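Heads up, there are several structures right after this.
Heads up, the next two complexes both have chain A, just with different partners, chain B and then chain C.
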Partner chain A sequence: MFGKPSRTGRTLQYVALAGYLIFLGFPLIWLLSTAFKPPRELVRLHPTLIPTNPTLQNFVQAFTEQELGRAALNSLQVSLASAVLTVLVAMPASYALARFRSKLGTVALGWVLLSQLFPFVLLIIPIFLVLRQVGLANTHAGLVLIYVVWALPFALWMLQGFVRNIPRELEEAASVDGATRAQVLRRVVFPLLAPGLVATALFSFISAWNEFFFALVLIKTPELATLPVALARFVGIEGTARLGPLAAGSLLATLPSLIFFAFMQRRLSSGSLAGAVKG
Partner chain B sequence: MTTLAERSDVERPGRSRRPGRSRSDRTAIYLLLLPSLLPILLLSVFPLVRGIYLGFTDARAGRNVGVNFTGLENYRQLLGDELFWNSFKIGLLWAFGVTALQFVLALGLALLLNQQLRFRAVARVLAVVPWAMPPVVVGILWKLVYHPDAGLLNEFLYRIGADGLRANWLGDFSTALPAVIIVGVWAGMPQTTVVLLAGLQGVARELHEAAAVDGASPWHRFRHVTLPALAPVIVAITSLDFIWNFNSFGLVYVLTAGGPGGKTMLPMLFAYEEAFRYGNYGYAAALGNAMVVIIVALLAIYLRRRMREAN
Partner chain C sequence: MLRTRFRRLAAATAVAVVGLGMLAACGDGGDDEATSGPVKLRFLSLAWQKESLQANKDLVAKWNAEHPDIQVEYVQGDWNSVHDQLLTSFEGGDAPDIVHYEAASIGEFSKQGYLADVSDLLSDDFKGQIDKGIWDTATFDGKVTGVPFLLESQVVIANKKLLDAAGVTVPPADSGWTWDEFQANAQKLTKPGQYGAAWALKSPTNRVLNLALNFDGKFFYTDGGRTEVKVGDAEKEVPKRIHDMLYTAKSASPEALGMSGADTLPGFFGGKYAMLPGSVSLRQQMVEQAPAGFEWVTLPPIKGQSSLQAANPQTLSISEDSKHKKQAAQFLEYFLNPTNMAALAKGDWLVPTGKQANEELVKLTGGKQGWDVAADSAADLTVAPFQMADGYPEWKTKYATPAFQQYFANKITLDQLATQLVDGGKQVLR
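Right, the complex of A and B next:
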């Protein structure tokens, strides 16, 4: 971009890049290393960057003693339900939004942007009161409901883009050949929409899997806690030897979204999905 | 694509050229949209409106407590609430600090990633990983780094012989907020970098070549070609970052829970405590309203200044 930089320029660039790699990478290496360290190494006065006697003990301990196993199952259940429901609900609406242009598409996008502006505390109190009234506070069903609603505007916007990419001519050709509307949808639109449906489901799954605030407020029974909430509680437990299982649990909690990002990496780095996944 | 766009324009409801289909179509559209719209209205739009309203009431936790409209009483109380002002100041320091550092560091990284450098692929992957981590995990990760006894940072300082600099980073009054801000920067850099990199790749190569032919130095080309071309992207991402940072919760909740001594009590944490520890729903909602007004005001000032500069 700046043409051919001088040799000192190049050197400076590499120094800067090394700085970034250290800043970005070392905390991650530390998490990995802590997760594989036996208790004896964790309490050592001067810990090493690489574990001398790596062990899987922390993973076992995290999932047996600290009940992170149950929390992971809870998270899996809630996230899967959210993903499936989001897709089922968003599919018909996104088709309507894409094929029959209306102002609603703009409204949905506007709502995505607007909802970023409002702190969750404004929403959580009324949502909490409403859910309590219908007996869904402190249940997974209530949590799923919230997650679906919060994933919906973005899911709609994303899916209708996928629908728009399916040439309308294909549908018209099928109906000329005598297919009914339902057949057109099932045989033509649905198969072509599959990648979009997968992407939407993944998006919804990950938002639910990572979500912390709503789960913290809405779920009071410890047995129902999702993984982020269970991990956050775990942080409060003192003791350096406890750091191992904590790191192991954190690592496993990251896996699903890491897989998702590896899957989306190409599109993310090309920028076409840059605004897609929020922090 | 254009033909598709034109066609769907033709079928825009109300302007249809085939009025015979329009009514049944409209019913079908609403039937398709209903399963999405109803939940959004009930669990997103309604709670928001109600939340805004609660900010003007004395709503409290408890099943049989009446809710009275109290007008601006909550806000009068807020103005005199020292804890609120303190939290608000910390929130601004946090949001401005994180957004500014995020931007500068992300721009630097994006410029580097836009070059033909070795290890670029590694940096690209590393730059995205924090994005893939749940905020709670980012908090835990950095708690491990800052840990006073078993932490990476203190151990590093010891190894380079700077033992005197070792500190209880998250527990000390003077270091807690800066330490937390660094974590915020680390967590939010990926989005900013990816967006800026996409913007950089959109800057026309010809402009650079022309400027280079005219003898402009790299710095001049950056200042007068790259930056102006990037301006709209910069404004968009810094605005979004600022909103996200101001409203962030999970990260700092895990790191310090607002401590030590309220030194990292971001407004969101403060509101959470008011609502769910003390049960002051109305007051917490008022705080939320105040935050929205402040964010909108700050964004308006920022965007107006940028617009004026652009003209």
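Right, the complex of A and C next:
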């Protein structure tokens, strides 16, 4: 129905795409530029994208004053643990929700949705008190527990969509061929669910990596602070910020997500398709 | 291949379980304090400027070295989230022993009983260093629940070359311009491509209410235990003058209205604005960020009927739940002795509340970089009625800030502004 686009049309498409990419990437590029600018260049009336006198001073300040290296390591530990645990809990639960339809399952799904309606400020004090009672306040384990619980509802919803898209006939065929229930799950369901698991892991990793408020309230010991909490310390009264160190720190904070996403991206996109298209 | 994947999953599970165990070991797992050994105090500090951070950490390290029996743990907080952090800590019974915040915000915690009355914990010598008017800002229901230590006054930072070119003379540190003189000089400094002043009014309410005291504008009036908002001629004076500069004389830049103080710096350094009415702490950005050869000068606070401004000092408080209030007070007396207070004020480019600290600071700096003006401005800082009003934060956010923003954007009249402020007061102060 549609003919091959003309050369001009193709060029325009590429120009539009390039423009869109620049639009999306510009904040990151500006962040990169700011991270390398000395204080005087940050307040120029006509700022330049390329720093005139590039400096590493912002990175030095960010790392020495707020110990961002340690905070990044803390964030990495907490985010990885949260991602792995979320996937481990969400995988069987979503399978059960998707495959075994019952009134209880519908109620469970409703409850999962309902739990998302509570604002976290309402929950923070009870959560803090409970964690304190069980000796998990001011620990990374407590933080991981909260992140897993916080990510689970969405992870369940997302993952059960992936499960539903796996044709039930495949499992039946494997059973007919003599596979046990465990073998069906391990050899048929799990490989087909991999893209969904990747998407879920990515989601929970990024949520935990970026999370600020729970980390602020639950962690008291400076050595255990996570990256978002450490970064906030570069912002002063009424939003005044130390832009250079903040940009340097934010750049560091962006990298793991970018790297993680780059590794997972291919599987994530195929996973999204698998979740979106009904078989 | 499937088997390999399953093994990987099993390995990941094992890693997660072991990892969680290790993470649990990373924390301190609770707040049990050893019954023997040194007293441990947690000090939540909001210092964020480079020099101030260093000064805070150095003083804590010095205290710890000199007092092996009372060890202070320095905990870094941040201004934007400290309120929520403290609220949950107080509610959860796990608050730091010593809390850094500001007078305008500790009232709420004070009234809820979370902060200790320090008046009996501190020595008379120490208390005598700070004026009664400043102590009043941290006194709630008769209890002094914070030690005010750093003050922020509103001064004017000006481009010296532009002043010279326009023939405007810099006033002496102890005698600032009147509002009429300031407006007239802003007019002289206005020419195509250049405004005499830039009012950074992103958060206009505090700013206007602070300066309104120049004309005895109180906004909050209490009679017979009932507080209400009133906007008469005295309250209207400052907003009207700023509005006149923006739209009648056109000597102030309208584009600066949505900016914070620091946002105006590129325009100031680029010669677009000749004067920046703003916080005394703006001087730090001048020193750090002004281009080479840029000459700036600090002008004293503008005068109306007086140069009074509202004082909202930064404070250090002791938690009511602290098991070591006496030791915490001991630390505060050390941390805020005149020399240390001067060092902290220098680090934050603010004015120390202590008289001797103020003198030491002027001596230390030779009064340069506006320290003479900053020191003199301390005498004009006092408690304002709005600081004591219970509903002020809500009134400010819901009613006053939107109303002031509309007025300064020339969308409503002065009378409409007054009506909105009064009506907002009725909603909040019922």
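The working rule: the second predicted complex is superposed on the first by the 176 of 279 C-alpha atoms of A that agree within 3 Å, B and C clash if a C-alpha of one lies under 4 Å from a C-alpha of the other, contacts with A are read in each partner's own complex, and residues count from 1 in each chain.
Basically, contacts are C-beta pairs under 8 Å (C-beta built on N, C-alpha and C of every residue); 3 or more make two chains touch, one makes a residue touch a chain.
The model shown is predicted, which means the values in this text are computed figures rather than measured ones.
Q: In the superposed arrangement, does A:R242 touch chain B (first), chain C (second), both or neither?
A: second
Q: Touch check for A:V121: first (chain B), second (chain C), both, or neither?
A: A:V121: touches chain B and chain C.
Q: Check whether A:H46 is in contact with chain B, with chain C, with both or with neither, and answer first, second, both or neither.
A: A:H46 contacts both chain B and chain C.
Q: Between chain B and chain C, whom does A:P167 touch in the aligned arrangement: first, second, both, or neither?
A: First partner only, chain B.
Q: Scan A:A253 for contacts with chain B and chain C and give back first, second, both or neither.
A: First partner only.
Q: Residues of chain A touched by chain B versus by chain C: which partner has the larger set?
A: When the residues of chain A touched by each partner are counted, B comes out ahead.
Q: Which partner does A:Y20 contact after superposing on A: first (chain B), second (chain C), both, neither?
A: first
Q: Output check: A:A232 vs chain B and chain C. Expected answer is one of first, second, both, neither. What do you get?
A: both
Q: If we overlay the two complexes on their shared chain A, which of chain B and chain C does A:P92 touch? Say first, second, both or neither.
A: After superposition on chain A, A:P92 lies in contact with chain B alone.
Q: Examine A:A81 and indicate which partner it touches, taking first as chain B and second as chain C; both and neither are also allowed.
A: second
Q: Where on chain A do the contacts from chain B and from chain C line up?
A: Touching chain B and chain C on chain A: residues 42-43, 46-47, 121, 124-125, 212-213, 216-217, 232, 235, 240.
Q: Would you tell me which residues of chain A are touching chain C in their complex?
A: Of all residues in chain A, those touching chain C are 39-40, 42-47, 61, 65-66, 77-78, 80-81, 84-85, 88, 121, 124-125, 128-129, 132, 135-142, 144, 186-187, 190-191, 194, 212-213, 216-217, 219-222, 224-225, 232-242.
Q: So in the complex, which bits of chain A are touching chain B?
A: Touch list, chain A to chain B: 1-3, 5, 9, 13-14, 16-17, 20-21, 23-28, 30-31, 34, 42-43, 46-47, 49, 89-90, 92-93, 95-97, 99-102, 104, 111, 115-127, 130, 145-146, 148-150, 152-153, 156, 164, 167-168, 209-210, 212-213, 216-217, 228-229, 231-232, 235, 240, 243, 246-247, 250, 253-254, 257-258, 260-261, 265, 268-272, 274-275, 277-279.
Q: In their shared complex, at which residues does chain C touch chain A?
A: Against chain A, chain C makes touches at 2, 5-6, 9, 12-13, 15-16, 19-21, 23-24, 26-31, 42, 48-50, 53, 73-81, 84-85, 88-89, 91-94, 96, 202-203, 260-262, 265-267, 269-270, 272, 285, 288-292.
Q: Flag every residue of chain B that touches chain A in the complex, lowest number first.
A: Going by the criterion above, the answer is residues 4, 7-9, 11-13, 25, 28-29, 31-33, 35-37, 39-40, 42-48, 50-52, 54-55, 59, 105, 108-109, 111-112, 114-115, 117-120, 122-137, 139-145, 147, 149-150, 152, 155, 158, 186-189, 191, 194-195, 197-201, 203, 205, 208, 212, 218, 221-222, 226, 240, 243-244, 246-247, 249-250, 253-254, 267-268, 271-272, 275-276, 281, 284-285, 287-289, 291-292, 295-296.
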